[in-house]
Amino acid sequence: MTIRTVVWGENIHERENAVVRGIYPDGMHATIAAALNTESEIEATTATLQEPEHGLSEARLADTDVLVWWGHKAHGDVSDEIVERVASRVWEGMGLLVLHSGHFAKPFKRLMGTPCALKWREAGERERIWTVNPGHPIAAGIPENFVLENEEMYGEFFSVPEPLETVFISWFAGGEIFRSGLTWRRGAGNIFYFRPGHETYPTYHDATVQQVLRNGVKWAYNPMPRYSAVHDAPNVPVEQALEPITERGPRLHQAGEEGYK
Amino acid sequence: MTIRTVVWGENIHERENAVVRGIYPDGMHATIAAALNTESEIEATTATLQEPEHGLSEARLADTDVLVWWGHKAHGDVSDEIVERVASRVWEGMGLLVLHSGHFAKPFKRLMGTPCALKWREAGERERIWTVNPGHPIAAGIPENFVLENEEMYGEFFSVPEPLETVFISWFAGGEIFRSGLTWRRGAGNIFYFRPGHETYPTYHDATVQQVLRNGVKWAYNPMPRYSAVHDAPNVPVEQALEPITERGPRLHQAGEEGYK
Amino acid sequence: MTIRTVVWGENIHERENAVVRGIYPDGMHATIAAALNTESEIEATTATLQEPEHGLSEARLADTDVLVWWGHKAHGDVSDEIVERVASRVWEGMGLLVLHSGHFAKPFKRLMGTPCALKWREAGERERIWTVNPGHPIAAGIPENFVLENEEMYGEFFSVPEPLETVFISWFAGGEIFRSGLTWRRGAGNIFYFRPGHETYPTYHDATVQQVLRNGVKWAYNPMPRYSAVHDAPNVPVEQALEPITERGPRLHQAGEEGYK
Amino acid sequence: MTIRTVVWGENIHERENAVVRGIYPDGMHATIAAALNTESEIEATTATLQEPEHGLSEARLADTDVLVWWGHKAHGDVSDEIVERVASRVWEGMGLLVLHSGHFAKPFKRLMGTPCALKWREAGERERIWTVNPGHPIAAGIPENFVLENEEMYGEFFSVPEPLETVFISWFAGGEIFRSGLTWRRGAGNIFYFRPGHETYPTYHDATVQQVLRNGVKWAYNPMPRYSAVHDAPNVPVEQALEPITERGPRLHQAGEEGYK
């Protein structure tokens, strides 16, 4: 089994900002992909905003089991066509990890159906992340709490749908808490949001954060064949009904007609 | 307490199809609104696709506590601007009841973030609806099961997010089942999907269906003030932190800067 | 509408400990009941461990819409018969609010089916409670966060089932977080766990805490008739099947026989 | 990886009833275990009511990753001590599959905290099971629906807690529906209830049912180390607080004292 994973990076701060470049000289996506590739079951490559089709062609996504998304400054530059393509692949079974400022990424907002807003403060304060679901696969090997000494604060209310499960909750030195690890299923696709990862701090070099990412990819992976039927709304003709029935009453549609969409 | 309710009708089949007109001479929306108005706490009016802004102006929605939506043939004619407006009001606390073929209505798909597809068959077959959550407010006074002698079949997989709770499940004579009563919360807004209501059958004249609709409106009603903060993503400056903290490390944003959206 | 509410108090610390008696001279249950009674819809009385049947006779519970439970030192003294009686009434539709150290109360553990354990520290530290579900009825009128200057710390992992919804999460000065407001439905009964309320601090005199309690009682209230059917496992004879079927194959049970329990 | 699985069988009907013995000459547990063992990752053995400690000694359970439970006639003969032992191991991470009439098994009721009751009819009627969560691991390779030509009917209301996810729903020829595949997590343990399996029909010889069981075992398997901490409620002394705090206010407990349980 190999989990074909694409780490998508906006790839702007790393080039424009010396601090970020200093921490992630090859880009945040490269650091994340390298961390994932330490797991033998994961085969991670990268894609960036600047590539044709943002590096997410139909062919590429067809061969992607899990997509990891980090974006911040240029959410608006992501093409709506690619957003629909990503959402569609998630419904078909592709896993999706959304990181940090990706809470406002178009594909995430598209899949959540909510604003996905939150409070924030960039002060390099201490974040302590607590495991509140120690039996969840994403928590495997993660201690009951761990510290990121410098992180951006995110505060509630985080306007996402009630998750399937809450895995992590953050404590911030400035007094806030935040639901930092949340899961959802949409169609046949598993989605995991993980909070940490502000670009001016070395978060993705942290060993525990890297373990959470590997766990997240493995959890999000759906080994089933592409679930293309998710796009269909088939008519089941009376003569093919599973139990014999007789058509009764008036009808609107002609035989063989497609439904309205 | 008065629950200001707007019943939105596509209002096409009733005018174009003699069968539908015979069942709902004043429109399906009128029948539904009348059924709601038998409850003293509910004050229901109607709006239709053909009105300016589909009858859903900012001012109208601002005064709406619960919106009930029935559409089928003309989902594509609903303006995207109105769709965003409706979704926005739901996040702020407006309740939303989505009926039958409204599973493909743009506001519902927008709020679910999934295809919302299903199987279907128009054969006037028997539907038996089972209450699987008898303590839920929407099930108040509803028997353990009730029959609609002629209905369109909807079959699984219904590609919506796992609901907060499942209230009703349908049995169909042709062999299918369907999760017919599902709830979600999105932002501060409560959403209830209720399956029955094909336009060529007298479903909305059924007393039990009408009771479910009244229960649904009362459940979806959120009496709190409009939750406008759902649209904000405020910066919390260091000097206003709840606990005293000192800014540390490099930062990306300038003081007073807005975040990226 | 009147919500007949019983506030159950263990009533030991108030009598044995001068500090607690100083804060709650009439007992914690009396303070809580008085806070509830400021809401016209609620009619709260009290019951204590020391009364016959702990004040929770069949007759009393039959007339109780919502039960509020505070216990700590004497969980083991609560009779198993009363525990079963309380659980049974919850399944039938009685609401249940479990407060603070009640996480280890027998009726709560019985209804959760899990250990309900947590970490703790009694240091009078600051607790800041965040609303993470601002549209939930229990959060009505509650600010986005509020402070209890002196409270006992409770820390995760709180071993309860994943809740229906998470309403509040606490931040503690000592570095912990805790899911402080959680909801479940069991049978026809609504259950709300609310964390604050250590006996050596004046928590139940806090205006915001009192508002949460009133909201909790109103949310937990199920106005439907007592759902006694929850105890039944009825046989549905072939000749009473909703759809005509013919008995086929061998069978284990004789006609009219009860099932195994 | 090997998933050490124990199939527990009540083992009474197979010995007392000729019909059941004819279908399952070596016992239902043996047939189920054999079906599981066709999967190379699973190593299934059996245990029965009649063995010492019902075959579920502490040592045996310590070496069990997933327990499968079938019981019916003799639920009351299962020792309460063993019930607590099983529940405890589930909280620590052992998976649990509960089959058919096991809905009334003591360990299941213990873990659910609800009556787990349902309607029933033994008429050998047709059951059609629908997959309503096609992306769930338990649905891997399972068609959108499959038929068991002769089964006992189970009808709603099935008084269990709202599940984490609903995977299967059954249609019965006699007019009922039933939530037939439900999942929960309790502590670190995954629980799956699967409805079919009346002893007088050859259900566990059905290839699709066997696939569901194998999927269920693989889904329920938690590879993490035994989560013994689930039983603890540790005091965290002030001097060991993660953030420096000073003890304030009165306290109830002495230093080093255990909390009340």
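To keep things simple, chains are lettered A, B, C and D as they appear, and every chain counts its residues starting from 1.
The definition used in the following text is that a residue touches a chain if its C-beta (ideal position, glycine included) is under 8 Å from a C-beta of that chain, and two chains touch if they have at least 3 such contacts.
Treat the numbers as computed from the prediction; the structure is a model and nothing was measured.
The set of chains in contact with subunit A as well as subunit B comprises C, D. Farthest from subunit A, judged by the mean position of CA atoms in each chain, is C.
For A-B, the equivalent interface among the listed pairs A-C, C-D or B-D is C-D, as over half of the contact pairs agree by residue number.
The centroid of the Cα atoms in subunit C and the matching centroid in subunit D are 27 Å apart. For the pair subunit A and subunit C, the distance between C-alpha centroids works out to 36 Å. Centres computed as Cα averages put subunit B at a distance of 31 Å from subunit C. Multi-chain contact residues of subunit D (touching two or more other chains): 128, 133-134, 144-145, 155, 157, 162, 164-165, 173, 175-176, 185, 187, 229-230, 242-243. Those residues of subunit D that touch subunit A in the shared complex are 93, 128, 133-137, 140-141, 144-145, 164-165, 173, 185, 187-190, 222-224, 227, 229-230, 242-243. Interface residues of subunit A facing subunit C in the complex, by the touch rule stated above, are 128, 130-134, 144-145, 155-158, 162, 165-166, 169-172, 175-177, 179. Residues of subunit D that touch subunit C in their complex: 13, 17, 19-20, 72-76, 87, 91, 101, 104, 110-115, 117-125, 150, 153, 155, 157, 159, 161-162, 164, 173-176, 184-187, 198-201, 229-238, 241-243, 245-253, 259-261.
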